[in-house]
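Each of the two complexes below includes subunit A, the first together with subunit B, the second together with subunit C.
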Partner chain A sequence: MTGLAADRRTFLKGLGVLGAATLIPGCATSTKSPGSSGGASSELSLQSNLSSEQAKAAMENLVAAYNKTGGSQVKLNTVAAEIFRTQLPTYLTSANPPDVYTWYAGSVADSYAKKDLLLDVTSVWDSMGNYSKAMQSLSTSSAGQKIFVPTSYYWWGMFYRKSNFAKWGVTPPKTWAEFVAVCKTIQSKGIPPIGIGLGDTPWVASAWFDYLNIRINGAPFHRKLLAGEGDFTDPKVKAVFTKWREVLPYFDPKGKSFPFQEATSALLAGKTGMFLIGTFFADSAPKDALDDIDFFQFPIIDPAVPVAEEAPTDGYFASKKAKDPEGTKKFLAWLATPEAQNIYVQSSSGTAIPANPDGKSADTPLVKKGKAMIEGAAEITQFFNRDSSDALQPTADAALTKFLDKPDQIDKILADWQTAAQKVFKA
Partner chain B sequence: MIRRTGYHVAMSIVSFLWVAPILWVIVISFRSFDDVAANGLGSLPHSFTFSTYKSAWEDADEFRALINSLLVTIPAVLLSLGLASIAAYGLARYSIPFRRTILLLMLMGNLLPPQILLIPISRFVELIGYYDTLIALIAVHVGFGLGFYTFVLHGFMRDLPREIQEAATIDGAGPGRIYSSVILPLTRPALAALGALSFTWIFNDLLWSITVIRSGEKMPVTPALLGLQGLFVSSWNVIAAGTVIAAVPTVAVFLRFQKHFVGGLAIGAVK
Partner chain C sequence: MRRVSPLILAFVLVPFVIEAVWVFWPALQGFWLALTSWDGLSAPRFVGFGNFSDMVSDPIFRTALKNTAIWLVLFGGLSVIGGFGMALLLQRERRGVGIYRAALFTPVVFSLVVTALIWRVFYQPDGLVDTVFRTVGLGNFVRPWLADPDTALYAVIVPALWRQIGYVMVLYLAGLKAVDPALYEAAKVDGASAWQRTRYVTIPQLKGVNSVVLSVIVIDSLRSFDIVWSMTRGGPYHSSELLSTYMYSTAFQSTQLGYASALAVVIFVLALAVILGYLIRAFREES
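Presenting the complex of A and B:
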C-alpha cells in the first residue's frame, strides 16, 4: 500500500518508462478522442516547461502580447520541468495533444521528428532568412524538414568573481598552460581552484568532457562520437581524459557532494576559484553579486583546432496533430520575430540571447561578451544531451563520475561507457 | 534511575533525529533567497522573512492547487471507504460463494507496482474521454484504494459478535438496515483510522495526478510544488514554504483523528 506514497524519484523513474514505452509503436495504441472537433479552432494550447517564477512570468507576458495581435488566442499551460520532460512523449502521442511545446533544438527534437510526431514548419522558415546557418541546421530534421523554431540561446564559460581574481593576483587565462598556472596560484592561497557540483546534477561534468573534446579533437569529431558514429575507446577520446587528469588535483573535493546550485554559492562565497557552467547559474546568485561576476572562454588547447563553443538553443516545436496548423505556424512565425524575442528576453532573467540576429539582448557587459564569444566561434555545439539524446546522458554521468573518483581506471571506464552507449544507440 | 535517565537521553536524541529534517525545512522556509544563495542551504539562517510564504501562495497558485487537492481527496476518501465498507460487510457477514477468492483478488491488485499500470490507465482514461479531469483522478484513487480498505474492514467486521446481528435480524432488520444501523457504527474506529490514512495517501499522491492531468490549473498541490522547481535553479526557501503550507491539511486531519488512528492500529492486536 505504500506504493501510493513511494518517493518522487521512483515515480519519475516509472514515468520515464511510461514515456519511453509510449513511443514504441504498437504499444502506443492511438486513441481517438471523442470530442475532437474538425476545422479551425480559435484556441491554441502552448505547453511550457518554464516553471520558475521569472521565466513563467516572461512566458505570460509573451502570450499576452501575441493574443493582442489578433488571430488565434494562445492558452499557456505551464507544468514543472521535470514533469514535462517525462511526459512529453505522452503529450505528443495522445489523441488530443497540445499544439505548441517549449523544447530544445538539435537531436533531442529530431528524435521526435523521426517518430513522425512533429509539424513540418518549413513555411515558417520562409520569414526567417536572417537566422544563422548553425540555427538552420539545428532546426532541420534528419529527413530534411524544418521542425523547430529557435528563439533564444545561452552560453557556457568559466565563471569567476572579479574581486577574487584581483585579490589572488591572477588574470583570466587564454591557453591551457596559463590556465594550469592560474590553478596553481589559486591553490597556493588555500582555495580549491575549480568548483563543480555533481551531487544530484552529475550532468555538469559533461561540460568538461564536451569542452575538452571540442578543444582537442574538434567539433565534427565530437558530434560524430555523440551520434554513435565513433567509439569511446578511441585513443582520441582517451586523450581528452589525459588532459583532464592534468587539472584533476585542482577540483574542489567537496564538489561531488552538492548540486551545482550549492557550487554556485561556493564560488560566490570565494570558497572556489572558477566554475565551468552555463549562464543559467546567474538565476541562483544574489543580485548584488552579479556585477562582480565575469567569465573567460574555456582555454585553447590546440590552436590548430577551429574554436567551437557550447551554445544550447531553446525554442518551440508543434505537434503534427495540431488542430489548426495554419494558426500554429502563424504563432511560431511570430515567436521568431525580434519583437517577440525581445519581450521574452527583457522579462526573463536576462542572460538569454535572442536567436534572431536582429533581436536585442540585455545590455550588460557580461551578455555582450558572451554574445561576441559565440558569434566569433567557428563551430557551435550545444551540450552533451542535446547533441546526443537524453538516453545517452546517464551513460556519460556514470563514466565521468567514475573517472573523477578513480582516474587511473580510465581504460576500463571507457570500455564500459562504449558498451553502455552501444545499448542506447541500438535501442 | 541511571537507566531511566539514559533511556530519556537516548530517546530524546532519536526523536530529535526524527524531527530535525522537518525543523530544517521550516527554518529554510523563513530565509530569504539571497541568504540561501550566498550562504548555502546548510548554513544557519542570516535572515528572516515571510515573503517566501507569499510567493509560494501566489506563484505556485497554491490556493487553487489546495482546492484541487481537496476536491479530489475528500470525494475519493468518502467514496472508497463507502464502497469498501459495503463490500467488506457482504464478504464478512454473509457466506457468499468464493468470498475468500474475491478478497484475495481485490488484495492482489495492491501487490502490483503502480508503475506497471501507468500506460493502460493513461490510455484508458483518454479513451473514455476523461483525460485531464479531476473525475479521472478520483476514479483512479477509489479503484486503487478499494482492495486494501476492503481487506482491513473485512478483518474488523468479521470479529464483531455474531449475536448482535442475530438480535437485529430477530427485530426485523434487513441486510441494508443491519449495515447502516448496526455494523457501520461499530466499525467507526476502523473507518476513522483508514480515513486518516487514505486522506494522507491520496493528498500526497504525485504519480497519478501527473499521469491523468495535463493542465497546470487542474494540478493538485504536489505537482504544483514540483512546479516551483525551475529548469535549472530552484528557490529552495519558497519550495520549503510551499511544503509547509501543503502539509497543513494532512496534519490537521491527523490531529483530528489521532485518537482513532492510534486505536485503529491496535485493531485485532488482542484476540
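Presenting the complex of A and C:
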C-alpha cells in the first residue's frame, strides 16, 4: 500500500513537470543567433526581411553587385518577414549578432538605439549630404547620432480604377466634402465606395487613423500621441473618429472578412470604388490591371493644417556589436549611393522610390505622381507602427476594428485603447 | 538487488538530460519570468506578483478566460459526446463501416493550419456556408462569420470539433474492442435493454479510456492555439481570444514577455488542477 502511495506521488510530480514542459513556451533569456557565422572578420552578414519573391531576388542582385566591388564579402540571410519582426530583438541582443539589418526609419529604429543596440553611423552620413532634411531627421536617434541609412520609400494614397471612375462619372475629390459626394455617387450605383481588408491584416485600418489625425490635428500632434506623450481619450482624438463616422456607411461590409490582398482584387474587379493603401499592394495585382490604376491624395479636411503624407522609409541599420565596424560602414555607405539603389529599384516590383535624390525611380506616371506628392508635402509621417513601435500596433488594431463595428461605443473604445497603450509604454 | 545495466541507465539518463536542457529548464525560466517585467531587450525587472494582479483588472484577460472556459465545455464536451456516439455507431463490423471510420478520422491527419485554411474558404463572404444558409432559406442569418464578435469563437469551434471527434472516436473504438463480449451476453441473459447494456456495462468498462480521453481533451483545449490563430488571430478585437492566443500575442506582438509568462503560468495551473483532480480521484478508487 505504502509503495503504491509513493508511486502515485512520484507519478503526479512527474506529470506536473511534464505538464509544465508542454504548456509553457520556452522563453529563453539568451539565444544564439542563427544568422551570424562568426567567422573571418572580412565577411559581413546581412539579415533581410525582404522575403517576397521579387524583393528577395532584388536583394540577391544587390549583394552580388557589392561583393564585386572588392570590399568585405556580404552574406545575405533572408528571413520570412513575420519571423524577422518577432526575432529582431533576439538578433540584436544575442552575443554574436548579425551585422546589418533591413528595417524601418523613425521611432521604431530609435527604440533600439535607446537600448544602445545600434551602431553609430554618423560618419556614413558624411557622404550623404544630398539627402533631404526629412530623411536626416528620420535617421537620427533621440541622442543625436545617425543610426539609420535610408534607401527607399513608398507612399500611401486612395487608389482607384480610372475606367470605373469614368463609368460612374466621378472625378478624384480634393476636399472632404467632395470625397463624401463621390462616395454617395458610387453607392448609388450599387457599389460599396470604400474598400478595406481587415481580416488577417487589421493594421490596414491604421492608415485611416493616421491620415485623419494628420489632416485634422496635424503631424506634430500625431507623432506626440504615438510616442506616448498624448492621451487617446483627448477630445482631439475623438474628433478624428467623429469625422471617420461620417464615411463609415460607405465602407465595404465584406472588408472585415478578408485581407488587403483580397481587398485589392475586389478593387481591381470593380467590386469596390476606392482603397486607401500603400503601393506594396501592386505586388499582388496583375500587371495589365495596373495600367488602369491611379490614385488621389487623401482629401484635405482643414486647409489650415500643413499637409502631411504617409511615406514609410525603408533602409538599414547595423548592430552595435558588428564584428568589423569599418567594413560595415563601408557597405552602408555603398547602399546609400544612387547606383546601389537603382540596382534594387530596377530588379524589384518598381513602386519603391530611391531615398537618394539622385537615384532613378521607375519611369511610370504613377510613380512620378507619387514622388511629386511626397516631395510637395510639408510633413512626412511613416505609418502607425513606424511612428510608435511594433508593440503599440496591436492596441490600435483592436481599437480601430472595434470602432468600425461599434462606432457608438467610441468613448469606451478610446478609454480601453489608452489603458492598453499605457501598458505598452510602461513595459 | 541486481545491478542496473549501463545500457538501461543510458536510455534513462540521455533523454532526461536532453529534456532537462530543452524542456525543464525553459519551463522553470518561464516561472521566473512570470514574476518580472521584460521586453526582450533590457534585463528582466523583478515585479513580484504584479503581473498577476494586473490580470484581475485586464478586460482582455477576462474575455480570454471566459472563452477558454466556453472552449473547454463546448469543444471538450461535444467531442466526447460526438466521439463516443460515433464509436458506438461504428463499433460493429458491418459492410462499409471502414469507409465511415476512415472518413471521420481523415480530418485528424490534416494539420490544424490546413484545416483552418479550408474552413476559412467555407466561411468567406458568399462562400459555402453563406450559400448553404441562403439555399435553405436562412439568408437573414448570414454574417461575416469570422469577423463578427458574436460568432467568431463558435465559428472556430466547429472545425476544431470536426477534427477532434474523429480522434476521440478512435480512442473509444479501441476501448470498446477491449470490452469482454461475455459481459454483454451475461447482461442480455439477465434481460438488460440496449440502453442498460450501454449504461451499466459499456461505460463502466471504459473507465481506463475515459481518463485518457479526459487528459487529452483538457490538454488539447488549453493548448488550442493554431486553429484560432490561423482563423481569427483572437480577433476581431480580442473577441475570440483564448488564453493561449492572448499569451502569444502578448509575448511576441506586444513584447510584454513577463506578462505573457504569467499568462502561461495561469494556463499551466488550470490544466494541472483539472487533470490532477481527476487523477487523484481515479487513484483513490483504485486503492
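Basically, the second predicted complex is superposed on the first by the 387 of 427 C-alpha atoms of A that agree within 3 Å, B and C clash if a C-alpha of one lies under 4 Å from a C-alpha of the other, contacts with A are read in each partner's own complex, and residues count from 1 in each chain.
The rule is short, and it goes like this: a residue touches a chain if its C-beta (ideal position, glycine included) is under 8 Å from a C-beta of that chain, and two chains touch if they have at least 3 such contacts.
Just so it is clear, the structure is predicted and the values come from calculations on it, not from any experiment.
Q: Could you say whether A:Gly273 touches subunit B, subunit C, both of them, or neither, answering first, second, both or neither?
A: Neither partner.
Q: Could you look at A:Leu198 and tell me whether it touches subunit B, subunit C, both or neither (first, second, both, neither)?
A: In the superposed model, A:Leu198 contacts subunit C only, not subunit B.
Q: Of the partners subunit B and subunit C, which touch A:Gly157 in the superposed model: first, second, both, neither?
A: In the superposition, A:Gly157 contacts neither subunit B nor subunit C.
Q: After lining up the shared chain so the two structures overlap, which partner does A:Ala391 touch, if you call subunit B first and subunit C second: first, second, both or neither?
A: In the superposed model, A:Ala391 contacts subunit C only, not subunit B.
Q: Go through the superposed model and pick first if A:Ala80 touches only subunit B, second if only subunit C, both, or neither.
A: It touches subunit B, and subunit C stays clear.
Q: On the A-aligned overlay, A:Ser52 touches which partner chain: subunit B = first, subunit C = second, or both, or neither?
A: In the superposition, A:Ser52 touches subunit B alone.
Q: Look at A:Thr90 in the shared chain and tell me whether it touches subunit B only, subunit C only, both, or neither; answer first, second, both or neither.
A: Both partners, subunit B and subunit C.
Q: Could you give the residue numbers on subunit A that contact subunit B in one complex and subunit C in the other?
A: 1, 4-5, 8, 15, 17, 21-22, 27-29, 90, 258
Q: Residue numbers of subunit B touching subunit A in their complex, please.
A: Where subunit B meets subunit A, its residues are 33-34, 36-41, 55, 59, 110, 113-115, 118-119, 122-123, 126-127, 129, 131, 144-145, 148, 200-202, 204-207, 210-211, 214-217, 219, 223, 226-235, 238.
Q: Which residues of subunit A touch subunit C once you look at their complex with the stated criterion?
A: 1, 4-5, 8, 12, 15-17, 19-29, 86, 89-90, 92-93, 112, 115, 117, 198-200, 202, 253-254, 256-258, 390-391, 393-395, 397-399, 401-402, 405, 416, 420, 423-424, 427
Q: Within the complex, which stretch of subunit A touches subunit B?
A: Answer in residue numbers: 1, 3-6, 8, 10-11, 13-15, 17-18, 21-22, 27-29, 31-35, 47, 49-53, 55-56, 77-83, 87, 90-91, 94-96, 98, 258, 260-262, 264-266, 268-269, 278, 280-281, 283-289.
Q: For subunit C, which residues are in contact with subunit A within the complex?
A: 19, 22-24, 26-27, 29-31, 33, 37, 39-42, 44, 54, 59-60, 123-125, 144-149, 219, 222-223, 233, 235-238, 247, 249, 251-257, 259-261, 264-265, 267-268, 271-272, 275-276, 279-280, 283, 287
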